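Shared between the two complexes below is chain A, which pairs with chain B and chain C, respectively.
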Partner chain A sequence: MTSYVGHNGKTIVDRVEADGREGRLGGMLTIPVRREIAHEIISLSYGFFTPLEGFMNREQVESTLNEMELPDGTLWSIPIVFDLAPEKISEYGLRSGDEVLLEYDGSPIARFSMDDIFDYNTDEMSEKTYGTKDLKHPGVKRTHSYQGKFIGGKVTLVNEPKFNPPYDRFWMTPKQHIDAFRKKKWKHIVAHQTRNVPHTGHEALMKQAWFAANEDMPVDQIRTGILVNAIIGEKRVGDYIDESILLTQDALRQYGYFREDVHMVTFTLWDMRYAGPREAIFHAILRTNLGCTHHMFGRDHAGVGNFYRPYDAQDLLKQYREKLSIKPVFLMENWYCPECAEVTNASVCGHEKKAQNFSGTLLRSILTDGVKPTKKVMRPEVFDVVMKSASDYGVGSPFVTEKYLASRRPIFNLRKMEVQKA
Partner chain B sequence: MTSYVGHNGKTIVDRVEADGREGRLGGMLTIPVRREIAHEIISLSYGFFTPLEGFMNREQVESTLNEMELPDGTLWSIPIVFDLAPEKISEYGLRSGDEVLLEYDGSPIARFSMDDIFDYNTDEMSEKTYGTKDLKHPGVKRTHSYQGKFIGGKVTLVNEPKFNPPYDRFWMTPKQHIDAFRKKKWKHIVAHQTRNVPHTGHEALMKQAWFAANEDMPVDQIRTGILVNAIIGEKRVGDYIDESILLTQDALRQYGYFREDVHMVTFTLWDMRYAGPREAIFHAILRTNLGCTHHMFGRDHAGVGNFYRPYDAQDLLKQYREKLSIKPVFLMENWYCPECAEVTNASVCGHEKKAQNFSGTLLRSILTDGVKPTKKVMRPEVFDVVMKSASDYGVGSPFVTEKYLASRRPIFNLRKMEVQKA
Partner chain C sequence: MTGKGNVKINVWINEERLDALRKAGLDRLAKEEFAGMMLLEVTCTEEQKDKLLEQYPTAKYDSSTTHSIELLPREVKDKIFETSLQLRSTGPEVIENMLSRGGGK
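On to the complex of A and B.
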């Protein structure tokens, strides 16, 4: 029998019910949820967050914030919570022990067995997750937007999402990732976390990570691969649109910048918390659950603004190294070096004073004007795919705008179900 | 107390006597040795070949050839032997148990405690070391040039070599290597075996190996370094001259193609056997004794002609992985890819059909004509250093010619000693 092992040696969580159970859902109290919650239900049910089987109860949140672990000692860094306004709890008459049907976008999505309804101080949650209570931090802002009460309990997906193009080509559950790696005969898989359209500096980082992850594998056949796992979720104005991220990352392999047999692109539904060190640990756990053996961490991983120092995330990973089931690959930043006449890494190149750092801001302004960046910075095919995806899926720009957010096509649809209301 | 640990956990051999012992050497039977033997005496005495303390006896040769190990089970792949013509043995009246003084270039070099005088079939020695008896193989030719009898026994260096410029800057004993790494705070050291003036493909291999060797080290400070350890010894017409090899490898760091704190160049006195797989194992052992933790192995390591398949050496290293005290870093070849517009590796680049392989023959013919190769192939400063070293140390060419061999400056001198002859 095929085994699927994830974080801390736990079996990959699988809480997905076969379709066609409308009858059994009839009569349940139905509570609509917003996009954020729907995404986390999907990730929880397919086992992306193994060993979590649902939203955290108070004990789990406390243990995560204070001990950096779940109550059973498993390393865990970020609270995964279901929030609801106290008025709603009263209105629905919710009590611990109740099972309800969660609904998203007009369709049932999951059963929710509530086992703990609790309060939690969001200042404390912010401080301990992000190391700050500053509302300018987007994670703190998110935490402060929680609606007053939290409900813990297991979820069971009752309606599998059907992803729309181009997402459908890139969607894989954790078990499907593990199966795909077995089929490719990859023994070592290094995860590359991304929210970006790749410039040549990102490409070089992935290649450097390949060498680090290949370790002492003989190279008479390929045994090591790169999983580019994009984070798809909450978008902020100025971000790259999700479609551009996936299609350009995939273009690197399609146009030969990676061998066909060393590279693949998928995504995870997750709203970035920008929690820096704690989010780095979360990403390590997440990619362990996808079957990865290695995870790339660059400079200021999952950071935002100046809230974290460049190597804070690496320091925390180092501290919890023994509790990770995945090997971190630490990298310094890449730059373009005119002396070396190539993209190279700060850890090996000696021309620091002449190095030209990659400027995301500059690249963004060039792309916004539809101007093709120099080949040294962006592969020409990547530029073409950015522009095409901007026209196919965006509103003429590869960047998120208010107009894009207003007219955004859904990532997935849920099947409409005829369920008798309570 | 500082500890110096080498291959298989053994303490680094140190069989060097303090100078000023001329008196004690007086009256010993003196036997002159040729360059090959003198080099191996030096390497043995400083511990480059730890745990060997001298030339092999019959049991050690047999065990090396048949079991790939020394009689105590330590991995070993190449016979290290002292040969002498039977007539000479009669003439000197040599017997097992005798101690003699070995002399090189008119000066005493070592005491030799002979404990075994034996015959060995050179066909068998060739076949088992090289996998062939073909005299076109330079190692087989060397083995067949042995003078009929072998003498095993410990050697003790009594006269330390004084290396001439430019060698003096690059000479380090195994213990000095280990001390240097400690001073640099390197925890991981990856050895790069070379007999070449570096082209950009070699440089890229070293950088790839750096990432492989850095493993999961955090990069807030440099903990991983590259040891370029050149093989200095027997030269064949058409080889790069040794001075060019050392000076150009060093130029890569001097001109910033490597950071000052990740790269250093030294050499080992060793005559290449071109034994492919078995020599790869020997190189791994040698660099373990220099304190390296990792060793780079590319395509057809230490091979010659078509005697070995490209990954035979990697296969053998893999087979003996558990008995190595150093971690092999296996790499495929680099090429220049016009699509990627960079030097890249066959294990990651998908443009195989467009790739331009590095041609040693082409580069050689360009350099022979004194023409500067394109920057894509050779760093301009490396070219300048090649040409300067050709004029300073060669006969106008960076390649070994008959004329160079005839007028070659000595690598080292031995102090003249007044020793009373027997």
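On to the complex of A and C.
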């Protein structure tokens, strides 16, 4: 029997009920959930968050925040919680031990076996997760928008999402990732976390990470691959649109900037918390569950504004190295050096004073003007794909606009089910 | 002409545009910014700036750091570049000429 092992040696969670069992759902109390919760239900059920089998109870939240681990000692850094307004809990008459049917976008999505209904101080949750209570931090803002009460318990997906193009080409469950790596005969897989359209600096980081991850394995038969795993979730105006991110990352391989046998692109449904160091730990856990053996961490991983120092994430990963089931590959930033006449890394280039840094603002300005960048900045095919995806999916812009948010095609749809209501 | 320009509009110059500038003898006006990407700095007056911001509400003026107009629509930036080439200038007459012809529309 094929084994699927994830974080801390735990078997990959699989809580997905086969189709055609909707008859069992009749008469259950139905509670609608918002997009954020629906995405986490999907991730929990397929095992992206192994060993979690559902939303955290109070003990798990406390242990995560205070000890950076689950009650059984497994490393864990970010609370995964289900929130509901107290008045809704009263209205539904919810109690620990109840099982309800969760519904998203008018369709049943999961069974939820509630084992704990609890309060938690969101100031404390913010400060321990993000190291700040400042509402300017998007994660703190999210935590403060929780609706007052939390419910812990296992979830079981009863309706598998059907992903729409172009997402359908890039969707894989953790088990499917592991199967794909086995098929490719990859022994080492280095994860590249992204929410960007790649410039040449990103491409060079991935290549540097490949060499680090290949370690002492022979190079005449390639057994190391790069998994570009994009984070698809909550979008803010000005972010790259999800479709552009996936299609441009894939274009790097399609146009030969990566060999066919060393590169693949997938995505995970996750709302970035911008928790810097703690989110880096979470990303390491997540990619372990996808079957990766290595994870690249660059400068200011998962940071936002000036809330974290550039290498805080790498420092925390070093601190918890023994409890990680994945090997971190630490890199400094890449820049363009006019003396070396190439994209190079701060760790090796001696022309720091002449270095030209890749900046998001600068790239944004170039792409907004629609001026094809030089090859030293962005691959021409990548630029063409950005512009095409802007036209196909982004109402003319590769960046998220209010118009895009209002009119974007859903990432996935759920099958309509006839379920008798309670 | 409406006076000396002290507000900047940065136009990105790639290899193709640099070639056009070279033919017009204006390539010396483009300065290298990043990895072969160059910027052409077109200036305009305060009055022209206000007119542009009125016509293009998505555009913003960065008064604190760069003193430049940002987020002008792509077509407008294209028009500014074309007009600059045509007039062989990067001064306020570029924007004046463009505005007199109905802006970038």
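Definition applied: the second predicted complex is superposed on the first by the 422 of 422 C-alpha atoms of A that agree within 3 Å, B and C clash if a C-alpha of one lies under 4 Å from a C-alpha of the other, contacts with A are read in each partner's own complex, and residues count from 1 in each chain.
Going forward, a residue touches a chain if its C-beta (ideal position, glycine included) is under 8 Å from a C-beta of that chain, and two chains touch if they have at least 3 such contacts.
None of these values were measured; they are calculated from a predicted model.
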Problem set entry | Which partner reaches more residues of chain A (counting touched residues only), chain B or chain C | B
For this session: Determine, under the contact definition given at the top, whether A:Q356 touches first (chain B), second (chain C), both, or neither.
Result: second
Exercise. Touch check for A:M217: first (chain B), second (chain C), both, or neither?
Worked result: first
Problem set entry | First, second, both or neither for A:Y336, with chain B first and chain C second | second
Exercise. Touching A:Q208, do we find chain B (first), chain C (second), both, or neither?
Worked result: first
Problem set entry | Which of chain B and chain C A:E260 touches, first, second, both or neither | first
Exercise. Looking at the overlay, does A:T368 come into contact with chain B only (first), chain C only (second), both, or neither?
Worked result: second
Exercise. What is the shared patch of chain A, the residues that chain B and chain C both contact?
Worked result: 343, 376
Exercise. What part of chain B is in contact with chain A in the complex they form?
Worked result: 207-212, 214-220, 222, 253, 255-260, 262, 310-311, 314-315, 317-318, 321, 327-332, 339-345, 347-351, 375-376
Seminar exercise, completed: Given the complex, residues on chain A that touch chain C span 200, 336, 343, 356, 358, 362, 365-366, 368-374, 376-377
Problem set entry | Touch list for chain C against partner chain A, complex | 10-17, 33-37, 70-71, 74, 77-78
